[in-house]
Amino acid sequence: MNTFEALESNVRSYCRSFPVVFNKAKNDVLYTEAGEGYIDFFAGAGALNYGHNNDFMKNRILDYLTSDRIMHGLDMYTTAKQEFIESFSERILQPKGLNYKLQFCGPTGTNAVEAALKLARKVKKRNGIFAFMGAFHGMSLGSLSVTSNNSMRESAGISLNNVTFIPFNSTFNGMDTILYMEQLLTDTHSGVEKPAAIILETVQAEGGINIADIEWMRDLRQLCDDHDILLIVDDIQVGCGRVGSFFSFERAGIVPDMVILSKSISGYGLPMSLLLLKPELDIWSPGEHNGTFRGNQLAFVAAKAALEFRDTVGLEAEVKEKEAFVQQFLREHIQTIDPLIAIRGLGLIWGIDASHLGEAFAKEVAALCFEKGLIIERAGRNDTVIKIMPALTINLENLRKGCNIIKESMAQVSNSLVTL
Amino acid sequence: MNTFEALESNVRSYCRSFPVVFNKAKNDVLYTEAGEGYIDFFAGAGALNYGHNNDFMKNRILDYLTSDRIMHGLDMYTTAKQEFIESFSERILQPKGLNYKLQFCGPTGTNAVEAALKLARKVKKRNGIFAFMGAFHGMSLGSLSVTSNNSMRESAGISLNNVTFIPFNSTFNGMDTILYMEQLLTDTHSGVEKPAAIILETVQAEGGINIADIEWMRDLRQLCDDHDILLIVDDIQVGCGRVGSFFSFERAGIVPDMVILSKSISGYGLPMSLLLLKPELDIWSPGEHNGTFRGNQLAFVAAKAALEFRDTVGLEAEVKEKEAFVQQFLREHIQTIDPLIAIRGLGLIWGIDASHLGEAFAKEVAALCFEKGLIIERAGRNDTVIKIMPALTINLENLRKGCNIIKESMAQVSNSLVTL
Amino acid sequence: MNTFEALESNVRSYCRSFPVVFNKAKNDVLYTEAGEGYIDFFAGAGALNYGHNNDFMKNRILDYLTSDRIMHGLDMYTTAKQEFIESFSERILQPKGLNYKLQFCGPTGTNAVEAALKLARKVKKRNGIFAFMGAFHGMSLGSLSVTSNNSMRESAGISLNNVTFIPFNSTFNGMDTILYMEQLLTDTHSGVEKPAAIILETVQAEGGINIADIEWMRDLRQLCDDHDILLIVDDIQVGCGRVGSFFSFERAGIVPDMVILSKSISGYGLPMSLLLLKPELDIWSPGEHNGTFRGNQLAFVAAKAALEFRDTVGLEAEVKEKEAFVQQFLREHIQTIDPLIAIRGLGLIWGIDASHLGEAFAKEVAALCFEKGLIIERAGRNDTVIKIMPALTINLENLRKGCNIIKESMAQVSNSLVTL
Amino acid sequence: MNTFEALESNVRSYCRSFPVVFNKAKNDVLYTEAGEGYIDFFAGAGALNYGHNNDFMKNRILDYLTSDRIMHGLDMYTTAKQEFIESFSERILQPKGLNYKLQFCGPTGTNAVEAALKLARKVKKRNGIFAFMGAFHGMSLGSLSVTSNNSMRESAGISLNNVTFIPFNSTFNGMDTILYMEQLLTDTHSGVEKPAAIILETVQAEGGINIADIEWMRDLRQLCDDHDILLIVDDIQVGCGRVGSFFSFERAGIVPDMVILSKSISGYGLPMSLLLLKPELDIWSPGEHNGTFRGNQLAFVAAKAALEFRDTVGLEAEVKEKEAFVQQFLREHIQTIDPLIAIRGLGLIWGIDASHLGEAFAKEVAALCFEKGLIIERAGRNDTVIKIMPALTINLENLRKGCNIIKESMAQVSNSLVTL
């Protein structure tokens, strides 16, 4: 580890929570150089929904590589891209009755967020965007402007403008937030300009596993329609099956104007991002938003394989089963530790909110989990929410083991608090 | 191609110049689905300096993939990352006497540019940046703010602030540009605030293959020192050996405060970016600039292999030979077509500037080249500069063939002009 | 009037509502060139609290002018300025136990608002300001950024940044607004930076005669104290005795960090503005905020006379009497016309809010009032609030006459509505 | 003076250079409370072109005041305003063949600058403005954004955007500045957007008495025409006869699209500002840019009197005589002190640039002048330019006396330097 400390920037972060050197991985377990296994409830921050080194996808990738297929071709037409597009259309868009065009952006989520914001402003000829308190959309300047974390915003070094933050979800402090936005838009003296778009995570993952109400999402869609505002759903972390259905907004029956995908879209941990846009919004000039690696062919191959894998194994149904298990486990074994603990979740993203116990609690629990062989992240304000986000393909045995580690660790840290 | 036209956004660009579907590639040749080969003078916009599917690197990648090594681990410590860091230190930094820390950013160049600008502002507690006319640094909002292309800037939809553009290179319109900057900095009524950093491409690739003078780069480094301003070199396109030496600034003997690498740093077309920063600038808080795919392990494996490959085959010397060939060819066979054509270049990046013949000329030449089996890009104002940028590993035979195709195409288009 | 139509810009406004040419005026009556008198319920938008051509002040001004005293001296020391400062200190600050320093700004309210915002940002080293929905603070770019009227904001032509608008007064849509601000300030993911200052009108005059609750003002002062935020009160329109007491915030017993005065501070219609600031905030460098006419000596002379006049005639008590009259009149004669009409007011600024009757209603009422010999303005969203703001020195007879004209006009317009 | 030190903000400035209390004034002399006279080469920073308490104007003002004419009426139609408009049209616009509409702004120069910038952006639907290095246009945020003084800009506390600063006058550092702007506008990669307007002082007064070349002004007008950009002349300080002709741009024979007047437009030191705009630009909505004191009637009365006074006494010819005197005096008596001293001037605004002698020199000279009975300001970078700007009505005797005081003071300070 001396290498990292001597040569890698202080900006490195997760390695500080998991101070070992990893070398191998398979599905739901990471292995250190010494061969010790850790159950993975982190899943590459949501980039590994299909598990580490999924064999179905691996074979496709190896075949592609072995036969000297195009690895990089920017946005030239390639067989790999064509096959992905067709597969995505047939397996996702058509069955769901969705009519979107596909834009391949630089292969990081933030890049696709930047594209969506640009396009919204271009289409509507307005400057403003509404974003939600608790939102996380990325670190490049455009995405950061719609990200709510104040200390990250400050590190921009310049003012981040043209964005209005709205409290997330139906009510806030006794106020109906839809009605609030309605008033901002109709009060001629609100001081707030009509935005080009509203950008939404249906589940705020980094924000602390905050789940949007179904009625609220429908009302938000209606508000956008009433005022000629675009609705952009950032499905980077909770799309690609994380909540069960492929898109996270399906449970509300709404259709966003743009959808941003990244993380698990390629499925094998390979960088990729994808912006879906309604055809009538596609007023881009050729090359108007570009980037060298928007042609990551290996990711297209993996992404196509991922869609097939999903269907073959019936992943959506599998997630529902595991969701039921986690929900029951948390209710019976975690909430019982302390009735003030809040449990929030959907599909295979769950949060244990112990913010009432202070900042140190979640940190100690996560550290203890790691000691016991579980990799788990924290999220939310002051990182006080323990975040359960395993691969969707995790086997039930490891899911139970991981949950038990959390239970034991929480009990242990709770006891030490009581003793103090 | 119906798939692309029906489902891919209008923003697609290169595919319009090369309207075939590519499937395979090896070193310096791309093959269509029908098996037709095209010599590649484009090299993935500079991401494929070691050629398509370089066998030395390919074997390493296949080994890594086959043995279920970690594919994605965000910024956790991994064997692959450690080995890359050590290799980069031993093969690049130490021999050159450079003392930098490494920051892995989201794997696109623009992401690392964003990080560099943030860090410069954070370190110097100033808002402003100086950038150069003709500069291209990326499409996300921070990078776009230092990119000079006015139509791309306009597509931001909002004002891009806190940047002052300076004419590129030693003199402009009879004026000494270093003296100009000196006056901006010392005149108390210049209206221009002292910047945190100056961001420089030593060769403006997208800007039209504009090559910075050695003296000017030294003076710029001195200016930065005199005024406590950071010098950031964006070596995304012309680093990684493109001009011969690994870094493009080595020819001037200067040491930038930060260096941005991407494109060919992984060498196999796999997305990766890297920010080098002087240790004293490393005041980041953990996770202050982050991104999911900053842990693209496969890219680390390829990147390490690339460094070994470079040394093994003596790539730097090879580039010098090919540089000499191209230079002589352009002087003898291209400039002779029309004495007003300007030839600019270094290493294996060369521009044929035929802007005096209007916008259509370069476009027609490139189209004719494609018909004759050569893939070539255009750059610069109004895309009037034909840009020669093959893999550094191109064999001499294909290099000659490609150059001859350009020669014939230019002659043919010139003749048709004369006839008209 | 051809002169005006031919040569004065379309931006002219009030003249459109009162299409006659005025020539003379005395106390509460304006006279046209033809000698017709109009009762004035407009008072120069609040600049004429002491009436037109107040004799007490007039004599002082004439004496000053006649004896060739300094008319303009920028910010040089002058006898007139010294006497005003001393008088203001003795008659206003000392009796009220207030400890402020005086800054003379360019003689318009907006100029002093600009100074206050600059100073707040300089003192607190923060960019942001909180302003309130419904607020009006002026038309220059800094003041406009804290003004809430969206169409006026749009006419800036550029983005107005670094300001967050908060709903005015205690509750909004069921939400406690103090608690809302508290959450913006303490939620680490609110997306809203801690502001340097909050700028408040205790009565929003242009916003529609919206009156801040006393408890709310106290809570706001506490919020500022708790979070190290400056409280700026813009008393341009409702200071100088408009609500009875000299400052409008006295009724809440709070002490702002800065107070902005203009309009009636000189009292005779002569341009002047004044920024009061707590001594510890006075970190200005000499000349750091300047302006040619900040030395309007004649205004100082008038302003000193105004303070004496106030005390001599017992103006504060007089306002209380007239307030009682107006309040009773509106309750008995106006609200009875239509129970949905809202009456809001304090001192001698009152609003008749008939917004439920649509935009045309107030406009027609004001036009009819003018026909009947009364000059009256409208305010608020869509100008639907009829605004009663006579000189504080208006005689009771004219006050009653004016009120009766409003009553008759409203009845007449109401009847025509009913008939339709 | 204790009053000022105890109660007036530190921002006060001129009083620090002239630490006496002034009481009376007549034409070109200011008198302290003790009755000591000081010759005035400062003229209220250009607001007193017709001298202190000019009797011709004074009588008009007294008559107006005495007869209870309207003192303040916002932008209602008044006899005083009508008479001013007609007089301005007949005496200024028509004889010069100029076709402008008049907009009355809040009565400070900065207010009219704000209006001009807003209107330019509204008309052209562009964000950017070009301003010149050395420019001073005011302290409110919009005006400050086009003001070049870096320390004043910094005191805004936020970024001042959407403005590009261009070197003033024909050449800069060997470069043709018109050609430079031409290239910014035509280079598609300049990074600089096409501006809505260029704002120009034909003589930069605060900037150090820098005088624009006639050819350059014509070329600038042509550049604006060629590129559909508005030309705004800020004639606040050097208009109203300061350079001889009423407008400062007349010597170049150009017609700006907008002209900003303030300072001496009312002539008696009374606050007023005036924006002239070509009729086709008058797309303002009623009240879109407003302000309480834009109806300073007394200023209109004075302004009309000033125009008559100008014509009656033949002020333009008088200025030419005095200009000749000053020019000769400076050449013979000042430049001879030190050949490195630069003399710049026109009409009755002249600068003695002794910047090569360091910051202290001009400061000491001005202080010594004051001791000897002369009030004189400094301007330019680091205030190293001694600025001669008496009333245009100064009598020749006092003009000579003042000049001699400068001569003696400079000699004395020079000698003390030599001795050191």
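Which chain is which? They are A, B, C and D, in the order written, and residues in each are numbered from 1.
Everything below uses one rule, namely that a contact is a pair of C-beta atoms (placed from the backbone, for glycine too) under 8 Å apart; a residue touches a chain by one contact, two chains touch by 3 or more.
Chain labels with UniProt names: A, B, C, D = Diaminobutyrate--2-oxoglutarate transaminase.
Here the structure is a predicted model, which means the values were calculated and not measured.
J.: How short can a path of touching chains from subunit B to subunit D be, counted in steps?
T.: Each step joins two touching chains, and the minimum needed here is 1.
J.: Farthest from subunit C by Cα centre, which chain is it? Let me know.
T.: That would be chain B.
J.: Centroid from C-alpha atoms only, then distance subunit A to subunit B, rounded to Å. What do you get?
T.: 31
J.: CA centre of subunit A versus CA centre of subunit D: separation in Å?
T.: So the centroids are 59 Å from each other.
J.: Taking each chain's centre as the mean of its CA atoms, how far is subunit A from subunit C in angstrom?
T.: About 50 Å separates the centre of subunit A from that of subunit C.
J.: Mark out which residues of subunit D touch at least two other chains, giving numbers and ranges.
T.: 127, 151, 158-159, 161-162
J.: For subunit A, which residues are in contact with subunit B within the complex?
T.: 1, 3-4, 7-16, 18-26, 30, 33, 44-48, 52-53, 58, 61-62, 65-79, 81-82, 85-86, 89, 101-104, 106-111, 114-115, 117-118, 120-122, 127, 138-143, 145, 151-152, 155-158, 161-162, 196, 236, 262-263, 268-271, 275, 277, 282-293, 295-298
J.: Given the complex with subunit D, which residues does subunit B contribute to the contact?
T.: 127, 131, 133-135, 147-151, 153-154, 159, 161-163, 165, 172-176, 179-180, 183, 187-193, 207, 381-382
J.: Spell out the residues on subunit A that touch subunit D in their complex, using ranges where they run on.
T.: Going through subunit A, the ones touching subunit D are 158-159.
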